[in-house]
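The structure is given below, and queries will be raised subsequently.
By written order: A, B and C. Residues from 1 in each chain.
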Amino acid sequence: MNVWLNFLVDSLAFGATFIYGSTGEIITEKSGHLNLGIPGIMCMGGAGGCYMLNLIGQSNIHPALIVLFGICASFTAAALMGLIYGFLTITMRANQNVTGLALTTFGAGLMKVIMSKLDATVYLVGPRMMFRWPFAHRQDALQTLGVMFFLAIVLAIGASWVLYRTKVGLQLRAVGENPATADAVGINVTKYKYVATSVGAGIAGLGGFYYIIDYMASQEAYLSLESLGWLSIALVIFVLWRPHMTIIGSTVFGFLFSCSSYIANIEGITVTMAAKPLLKMLPYVVTIIVLIISSIRNKRENQPPASLGLPYFREER
Amino acid sequence: MKNKSSSPKEPLVHLTKRMDISPLCALGVRVLAFLFGMIICGLVAFLLIERLNDNPERIGEFYQCFIKGPFSTRRKLWKFLKNSAVLLCIALALAPAFRMRFWNTGAEGQTLVGVLGAIAVNFYLGGKIPEWQLLVLMLFASLLCGAIWAIIPAVFKAKWGTNETLFTLMMNYVATYLVSYFLVVWVPNGSSSLGKLSHGKLPSFYHDYLLIILIVLGLTILLHIYLTHSKHGYEISVVGESENTARYVGINVNRVIIRTMLLSGLLCGLAGYLIGAGLDQSITPNSVGGQGFTAIMVAWMAKFNPFAMVITSSLISALGQGAEQISQDFNVSGAFPDVIIGIVLFFIIASEFFINYEIHFHKRHNMAKEVLKG
Amino acid sequence: MEHSIAIELKGITKRFGQTVANRNVDLDVRRGEILAILGENGSGKTTLMNMIAGIYYPDEGKIFFNGKEVIIRSPHDAFEHKIGMIHQHFKLVDLFTAAENVILGVHEKGGYDLKSVNERVSQIAQKYGFHIDPKKKIYDMSVSEKQTVEIIKVLYRGADILILDEPTAVLTPKESDQLFDVLQRMKEDGKSIILITHKMNEVLAVSDRVAVLRKGEHVATVNTKETNQSELTELMVGKKISLNIERTMPIETKKRLIVKGLKVSNIDGRKVLDDVSFHANGGEILGIAGIAGSGQRELLEAISGLQKIDEGEITFINPKKNKPVTFFHKSLQTVKDLAAQNAFHTESGHPVSFEGMPSKQIKKWVEAGEILFNEDEIINLRDKTPLQIRELGVRLSFVPEDRLGMGLVGSMGIADNMMLRSYRKGKAGFLDRRRPRQLADEIIKRLQVSTPGSSTPVRRLSGGNVQKVLVGREIAFSPKVFMAAYPVRGLDINSSYTIYELLNQQKKNGVAVIFVGEDLDVLLELCDRIMVINSGKISGVVDARNATKEQLGMMMTKSTEDHAKEMV
């Protein structure tokens, strides 16, 4: 029983990384921009947060403030990456795929350069327990859940609420569906796109920070961060562009990803080593199946935003 | 109230799509963008590299590395040529699909399964059949695997309009874990690393890399001929430009999509073969090492023109190798080349804007006049 | 007057490059009236209204709102003056509900409460007699429902002046009647309605006053009660202008293309062609007149194999009588089959039977050109793809309306565009660029296409030159049927005359030419017969030499029911 509980909590905790990444990507995609730079952005979110902690990690500032500063720095660094992406794809109307890929190359590289300069004893050893608040001293499964886990849940639900229950969300979705119409009714398309790509990137960046400082809490964690970014993009499709569903979707992904290490401990289930990579492959396979089914069923609500990937130029009729 | 509504809202800058720009001018814009990018790289380097920050006079040495890295010794030059060739091969594979506006982001996976096909044949048959037969079988396996990986998304795109960018992207990771799976099966001891196999190596003339380079150069010429002088290539261009026109002249668009992706997959498979049989004789999930993604940018920068890709792929691999040299000489992280490539790409991407659009600045007094008139 | 003036236009002029869309237009719109703006295609109706709605800004002239001069630079400005326009192309987000579309971009105080929006939308609908479910998604809606959403969108923003651009073009007669009831109610509510239209019956039925525009100028405004159809038609089309287009008498015309009972629906399932029957003869020019969007495009596309046909037949008659049989489009087996049906005779007039004859011998005879057809070949074109039609040996040329989006590839040069039709020739997998290049040079020379060279992308050529390239290619294909949709639209005078000349040449060569045009003067001088299409139905075919502009104008604009009544 305990094994299963640990397993569930661990899947949840691992999944929070994707909640951030996917929620950020969904907000971006809803404005009509496919940002393949999410892996790089998550990397930079991680680097930004850790850089801040490296500055203040051993100071006498109140732990809550240290956590807050870390989160803010992470968000800012990632949002700046989003701004680069936004400038190139919105103002300069560059190809979104190419810009995103360049951003991933740049972000992942820059993160590694920065992280190699930071001192893990400063940014990690001290602060990591602060991020586990309020369960830091518990001995059970809950110990692995901290502030940033709950922040992820709040952001996912909040993003859904904004997108589907507010005027701003409605107008943002209009921009992603049909920018010409949005423009005609007087919505500032450029402003919406910039805010969505930057805020989306900022949120995604928190995922990288969370993964390094909280979930893994190890100084090697940043090396495996990039691949999680791609999984976040997969999750967006898996949950059909609904942020609150990332909470469930990410748990499933987390489950599949981490169960290979737990599964051997569960009685009655014997799994060969070979099953591990296949389990890890599953999220992608399932995502592809979801993508195929939604395109065959052709239900309008489950399609990618209609103008995804297309630059908007008013003069072009 | 009245004032508010009558305030002119004309933006200061007005954009129009450029119909035409002379090739020389376009090249000039790109070169300028590249130079700007390099200057920014220098500035970023000051921030990131302590040794440079402490000794600013070493900035000359910093830029020299971009020559020293790829060209200073015979070994480095060969490595540069090999890197460019592999990158070029994958970019060539992407060209037909991109010309058709099929956004194949799955070159990484298509190439990786190509490597997998070759290594699988090598693993099971190496040493049991004559070497030349093994090499031929490996080639077929590579081509087949690459083709399968490309054709699956193409069929769904043609039949149901499934988003090809996302589909091909996901296929990359299925390929990665497929390789991990086979490694576990092949190397049961838990290390999951397959050593260099003793069979199935492409013959070497003069230099180990020469054959690969020649194959890719030959392929460049062939692909150029295919794209510009064959009926298939012509159909690809028509479909890419306008599906309506394609229908008007009776082209079966779905067939062209599937056929072109088949070609794209075959060429990726070939790239995989060159890596598997020509270079590594081994495989890891990272055998392609992100070159499938870099190739997208290489192809895009060259506007999907095979000969221009020779230049762009050389540029990217020279930059990468130069930056590697910097990592060594200045003692920074091995990831530094990615930062350099990323920055330069940003500038080249941005330069496209000045090639595609014309910018008109509104004159202030004109606006004032209009207000007066109103 | 109980009706005060709501908007007044004074001396409005708008130019687009060289062309003048509106010249010195004065117009006033009163409160509580329905003002119809009547004019032919391209008479500047929509441009004029777009200036009130803030889409365009006039080059000259002033707009007064309630007697005060105003500047309208954007749709937003227009709304501040309570002006709203319902465009022909709806601007709606398909994925959203009616109510969600209505509140997009509206700045309101208070929170976002979809429920109260739904209620208010229902209220507006009830007030004016619309039927709409505010929670229904746009993609589930019919065209008329979408239009209703557009109207409510404008009303929700408090518009007092509503401009409707050809609102009935997409509606069924019953839906149109419902719309007019709604408009009547709005008028009673004190709102001003501006109705852009070219349908005479609507004008007479619902409007209070009619403003007629012709070639960008305001010709007259009349009270509807004091006018009649023929006066309006005359105002609209103007006096006939002589263009001096050469026209020869057709010689030896023969039926070439027969269309029978053709029915076609568009994606929304609306009928765009209803029971269309006509025939085109070789050696004459058949003009097709009609208001834009009456089904002309669909008709030509259906004939060339690009439209799904619901019902009807399209038959091509290949003038093969007494002409030799070739293997060009026929296999040996088809030739044998045809011979068995007694379809051939020899040069000396004897019937041909291949029974028991070795294939080699048959081949030899056919290749020597000694086997001749007894009768013309009759080929069914229904449900064939463009490629199949070509493979059947039907030489059908089609100059589509959308030149660069359909007829040509903009990024390719003239030579490469020449290949579009012919690149499949030959068994080799490679392109033969020599002959297309020759053809390109020939066309450049003969039609005086001004271009830097045959490899310059056609996108960079001027409209007239693009059209010359397209028409030149379609003619080079030596067609038996030549169809052209608006071939002189946007062309300067000289290029237009070049095109007329080319069409005349085709006619002299015995080709069946089908010419879809919009300028009635041109149609009357160029064509031999003119078929008038009206809302997807044929309202008649007239002899172009005797017809008048008014006659055509009436046939184009009359509602089909009225017309049917007259026929009885």
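As a working rule, contacts are C-beta pairs under 8 Å (C-beta built on N, C-alpha and C of every residue); 3 or more make two chains touch, one makes a residue touch a chain.
If you're wondering where the values come from, they're calculated on a predicted model, not measured in any experiment.
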| item | value |
| --- | --- |
| Chain located farthest away, centre of chain C as origin (C-alpha) | A |
| Chain at the geometric heart of the assembly (C-alpha centres) | B |
| Computed distance of Cα centres, chain B from chain A, in Å | 26 |
| Averaged-CA centre spacing for the pair chain C and chain A, given as whole angstrom | 50 |
| Geometric centre distance via CA averages, chain C-chain B, whole Å | 44 |
| Multi-partner residues of chain A (each touching 2 or more other chains) | none |
| Where chain C touches two or more other chains at once, by residue number | 74 |
| Complex contacts: residues of chain A adjacent to chain B | 34, 36, 40, 84, 88, 91-95, 97-99, 101-114, 116-117, 227, 230-231, 233-234, 237, 273-274, 276-278, 280-281, 284-285, 287-288, 291-292, 295-296, 298, 304, 309, 313, 315-316 |
| Residues of chain C touching chain B in the complex | 62, 68-71, 73-74, 77, 80-81, 304-306, 385-388, 390, 398, 400, 402, 405-412, 416, 419-421, 423-424, 429-431, 433, 457, 459-460 |
| Of chain B, residues touching chain A in the complex | 15-17, 48, 103, 105, 156, 160-163, 165-167, 169-174, 177-178, 180-181, 183-185, 188, 190, 290, 293-294, 296-297, 300, 332-339, 341-343, 345-346, 349-350, 352-353, 356-357 |
| Chain B residues touching chain C - in the complex, by the definition given at the top | 2, 5-6, 8-10, 19-20, 229-232, 234, 237-238, 241-242, 244-245, 247-250, 252, 371, 374 |
| Chain A to chain C touching residues, read off their complex | 165-167, 170-171, 173-174, 177-178, 180-182, 184-187, 300-301, 306 |
